[in-house]
Amino acid sequence: MKKLQMKTILKFAENNAVPLLFLVIVAFGIPLSGFSMNYLVQEIIVRLSRNSFLVLALLIPIMAGMGLNFGMVLGAMGGQIGLIFITNWNIVGLPGIGLAMIISIPLSIILGWMTGKILNKAKGREMVTSFILAFFMNGVYQLVVLYGMGTVIPISNSSLILSRGYGIRNTVNLINIRQTLDRLIPLKIAGIQVPVATFIVIVIVCVFIVWFRKTKLGQDMRAIGQDMGVAEAAGINVEKTRIIAIVLSTILAGFGMILYLQNIGTLNTYNSHEQVGMFSIAALLVGGASVNKGKISNVFLGVILFHLMFVISPMAGKNLIGQAQLGEFFRVFVSYGIISIALVLYAYRKLRAKELSGSALANAQEEK
Amino acid sequence: MNVVRKIIEKTGWPRLIIGLFLLSLFILAPFVGVKISTSLKDTVVRFGMNGILVLAMVPMIHSGCGLNFGLPLGIIAGLLGGTMAMELGATGPISFFIAILIATPFAVLFGWGYGALLNRVKGGEMMIATYVGFSSVAFMCMMWLLLPYKNPTMVWGYGGTGLRTTISVEGYYLKALSNFLKIEIGGFTFPTGMILFVAFLCFLMWLFLRTKTGTAMTAIGSNPVYAKASGIKIDRIRTISVILSTWLGAVGILIYQQSFGFMQLYMGPFYMAFPAVAAILIGGASINKASILNVVIGAFLFQGILTMTPSVMNSIIQTDMSEVIRIIVSNGMIIYALTRVVKGARK
Amino acid sequence: MKRTLIRVSALVLLLLISMALYYSGKGHTLLLDNKNIEIDDTSYKALDFAEVTIDSGEEQEILKRDRLKQDVSGQKHRITVVYLESGEEQTIQKTFKIDVGEPIYIISIPALIADHEKWIQVFEPLN
Amino acid sequence: MKEKAPLLEMRNITKDFSGNIVLKDVSFSIEPGEILGLVGENGAGKTTLMKILFGMTVIHETGGYGGEILLNGKPVMYSSPLEALDDGIGMVHQEFSLLPGFTATENILLNRESTKYNFVTELFGDRMRTLDRVEMKERAEKAIEKIGVKLDEQTLVSEMPVGHKQFTEIARELEKSNVKLLVLDEPTAVLTESEAEILLHSMRRLSNEGIAIIFISHRLQECKDITDKILVLRDGCIIQEKATSEISVKEIAQAMVGREIKASLRDEARDIHKPLLNIKNLWVDMPGETVRDITLDINEGEILGIGGLAGQGKLGIPNGVMGLYNSGGEVLLKGEPIPLNNPLYALNSKMAFVSEDRREVGLLLDEPIDWNIAFSAMQVQNRFLKPVFGGLVKLRDEKAMEEVADHYIETLEIKCMSSKQKAKELSGGNQQKVCLAKAFTLEPEVLFVSEPTRGIDVGAKKIVLDTLKRYNREKGTTIVIVSSELEELRSISDRIAIVDDGKVVGILPATEPSTAFGLLMLGTVNNGEAAK
């Protein structure tokens, strides 16, 4: 009986190794950093509201067996372009956020469709392709924003334009929509600000994803995720479904980016989107998801653990070695390291599963 | 008509477009007042600087490990070699060879571990290579801060600990190769030594690919099952290819530094794999086939674009669009290669 | 057929919503002036003191020769001015519409109280 | 309208793959509720016939077929299996096409789920309908009930025993509302005896309900037990079409292997007794060709044929001995143990192997012919290398490679432009010759040849077999040849071992009549004496 318990505990630990490891890091880091509990709770709530939506955008391609969507950066670009437009037009408050989202939809659909098409040509190499695609589109984005805006695309708001007369400035002040959603329904519990409205939006997305899994389309995606060949034989249009999965993810990423930036309040025109993909993926993986498995609970657990680590590591580094920079490097290292580990584990298990089938036969022979 | 189509198919549209683009830059250059001779000279220098980093792609492509996005690992070995050579007090051109000597064991060690990892993740090498590169760079960021370097030219002035982000190699191996047998033509120095060294390493690689081991490597990239059936220990050969690639990365960055004049630590090596990958693809390589010729052509074309675009574009539209063009050209080329269906090779 | 109709109307609805968002979210700046002013040869004297409220915002005090800046969004607004006239507190309230294409308007409180029709004007920056 | 048209009729079906005729004038019909047994050796054309019926893309890509298919008297021609499904023709494949992470219900109703309306469908189409789990459960239960088995419809496929997977797959076909004809491809091959019993039982039930079944099986006893009519295919022709009641198992077996070659074509039987290679209790984990327990002695200088039906493990033997698939057991060469799972050791011991999988294992498709021929010898025996720089390094000797390639191009009549032509540009027969040349270059003492004539034309077949024989006679090389074509084995081998279910079931001299081999192959000797 006891042995059995031991076994289940071990199994649990094995299956949740990454979140547990992070729990340990965080548990050691919190006292080292010297932050107060109040401060940390506030930070976590802010970061949950800021990042969860972006991370949620990753779930659908995972469901469709396309791995981690490094191409979500494209959606972020779409969202940013929406924000640039509303800032240019001086649309303020909630209508501004709403309009930016609406503008981002067609952009995301085009970008997502393109990504889907390309990924269909690179089956089995989706991740590295979407990863490079993000870089490639970053060039196109720069072409549009840095050279197209103010020349081909009219921008009337001179405060957006670089002094040379065209191109968007490196930072765009989003004062017009800054935290308007977060502060829509003010709530303060024990001195901690809770952005209720943002959380409502996040809950709506969660409900959408849960509902979506129950639709025919969601079922088809799950089928494709398991075996493209079988799904194809059953008459499911695999390529189209995969494109839809990426388009949905891109749209959600665009929305997520808008929510993220309305909380931050400034848009780094040429940098904001770059890191978003990596941090979102790292957060999801920290939450215990893997390349082919992702749940909503992974998202929230991941955001909490990953960002706790993020908040405390500079101070912990400073208090430990006297160098805050070390902590900063540490968190960069952890972000990349965690993705590496997840990718390695996934590829390794896939390879192992193939080889394991042999051992059954050997056992059968030995029993004779 | 058919011949034209066949040539286009064989070359591939992106390669063709890039080629035509470069050609048009050369044609346009005189009209907008850009001297072709200067650009060519710049191209030669940059070719020499980057050639070995591109060459580093070859062994892993041959052994079927795909494009070495994990090149930063090799670069780190080179940086360790360079910094340690300086720390040990080696000065002058000889310090270049000492740096290579010190970098070698690191490159072998890193390459061995990296190769062992890649052997366990067959089929997913490229993505993992990318992230191995990224995380090792991030890890070394911490190490550069912590390692007990003492040489005042390298260490932050105020703290006394931790290396600077940019370290000048002046007085050490600056132009160690470039100045060897250099030829001065009208204010421009042709870096004979560097080009010779690059050519020498290319020749060694050419020789290596013709040895028994090199042949086995090519066979693995072409068809690993065939290779296995012919009694080849695939994992071993793959590891050798990764070690070679890593070592070439280490040497490559040292050559780069001796010409450039500075050593860039911390996030410096982060994106260094991408231009090298793009260059060899532009040169005509695919994910599992590459030749020395691909390296030479690719490095030349790619560096040509990098030198020509800023000057020519700047003269035409008074804007420096080179950065954007570089991003689009290099990553576009990589995507193209990734989406090509590799026939007759591994699934 | 029915489906196409629904889809088209959904698209139209989306467009309408974006337009509504555009109009209602469009930001404008109102400059509230309490200065002596001369419009069409009639001069209006600045008030010593007034309290101004735009829509349901906060009450703002405005002294003589003051200019306040107020950001609003949307085109329909209400202005409430409370002032003293011969020792008695008077309240005057007006609703007004502004043009979506104009970013800045200037409101003259003396003219407003005098009920001159040009109490609100497009602000033309001096060049 | 003189009589009612049969449910399905295939008339004068003819098919060739680039000149290689695989089906010749095949006609048959099936009535509603009838069970038709389709038997034949591997390569007899059963699979191709079914592929034609379902309109698989591979048929269209290779130039279509001759003849016509009539369903209920109306000619039909399907461009994809999905169209056939729409007409009520279902197929259960040998390999499972099930999703492991889905429950039985989800698999049974894959892409035919019950759904409920919601408003979102108006905007984004019918795929936004939500699944109706309750109705799906009912439908799945009903389908399972039809077969008459106990199967929990909520179990994940990955957690099911093999038999249940098979039932799930059949249930999926049955669930299609209009299913009239069911094709079962070796459905009992993976089942235990009791499971097979249940399946046969449910097949009868289905036939009583008016569903016609085409039953493809190698278990002749089962065919005899269950079918109404038996169709024997051989070399693309129908050899026999008889009501089951009028034919015995032995007759079926005879019809399948049939064809007796003229004794004059065969050499005198040789008497060779000196053992060279001993295989003891070998198991090999080769997917689809599992070897369970093989003990076999191979004599020096003989040609040993290994025959058996596909999937029984005959291919696994050379692949296991040569270390290509994970294996265990004992292999002794001249009394010396050969470690398994070590291709290099096997090659060093002067053993060579020509794989049945030319494209995946046998060739470097992207490399020239001379590479393909010389590569193994270079790696294993350090040949084709020349020292340069005074012996400092050894490089490929391109000239020597070319010479050896030219030699084999001449002797084996490899049709190519030069020794520098890439292997992928050659035809199948010439590729096979390159594979043989590669093995010959190694100068082996024991040569394993696996399916040397598969997919190549008659002329090349003859050259390949003649070359092997000549090699054996001239150099005394021991050759182990594995093939599904019994007659080919009989024409070249001294002895033939028959493999069934991963075990050797008998070794006979090649001069024995082919029926003896046929019965061994079909496993009737062990469990079907009753047939006599």
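Note that the chains take the letters A, B, C and D in the order they are written out, and that residue 1 is the start of every chain.
The definition used in the following text is that a residue touches a chain if its C-beta (ideal position, glycine included) is under 8 Å from a C-beta of that chain, and two chains touch if they have at least 3 such contacts.
Remember, predicted model here, so these are calculated numbers, not experimental data.
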Higher C-beta contact count, C-D or A-D?
A-D
Chain whose Cα mean lies nearest the overall Cα mean:
A
Rounded to the nearest Å, the gap separating the Cα centres of subunit C and subunit D is 84
Taking the mean of the C-alpha atoms as each chain's centre, how many Å separate subunit A from subunit D?
47
Chain centres from averaged Cα atoms put subunit A and subunit C apart, in whole Å, by 43
Here the gap between subunit B and subunit C, centre to centre from mean Cα coordinates and rounded to Å, is 63
If a residue has to touch 2 or more other chains to count, which residues of subunit C qualify?
none
If we count contacts the way the header does, which residues on subunit C are in touch with subunit A in the complex?
14, 17-18, 20-22, 24-27, 71, 73, 103
Quick one: in the complex, what on subunit D touches subunit C?
122-123
Quick check on the complex: what are the subunit A residues that touch subunit D?
211, 214-217, 219-220, 222-223, 226-227, 229-231, 233-236, 355, 357-358, 361-362, 364-365, 368
Please give the residue numbers of subunit D that touch subunit A in the complex, ascending.
81-82, 85, 97-102, 106, 110-111, 113, 115, 126-131, 281, 283, 285, 287, 290, 292-293, 325-326, 328-329
The residues of subunit D that touch subunit B in their complex are 322, 324, 343-348, 353, 355, 359-367, 371, 375-376, 378-380, 382, 385, 393-396, 424
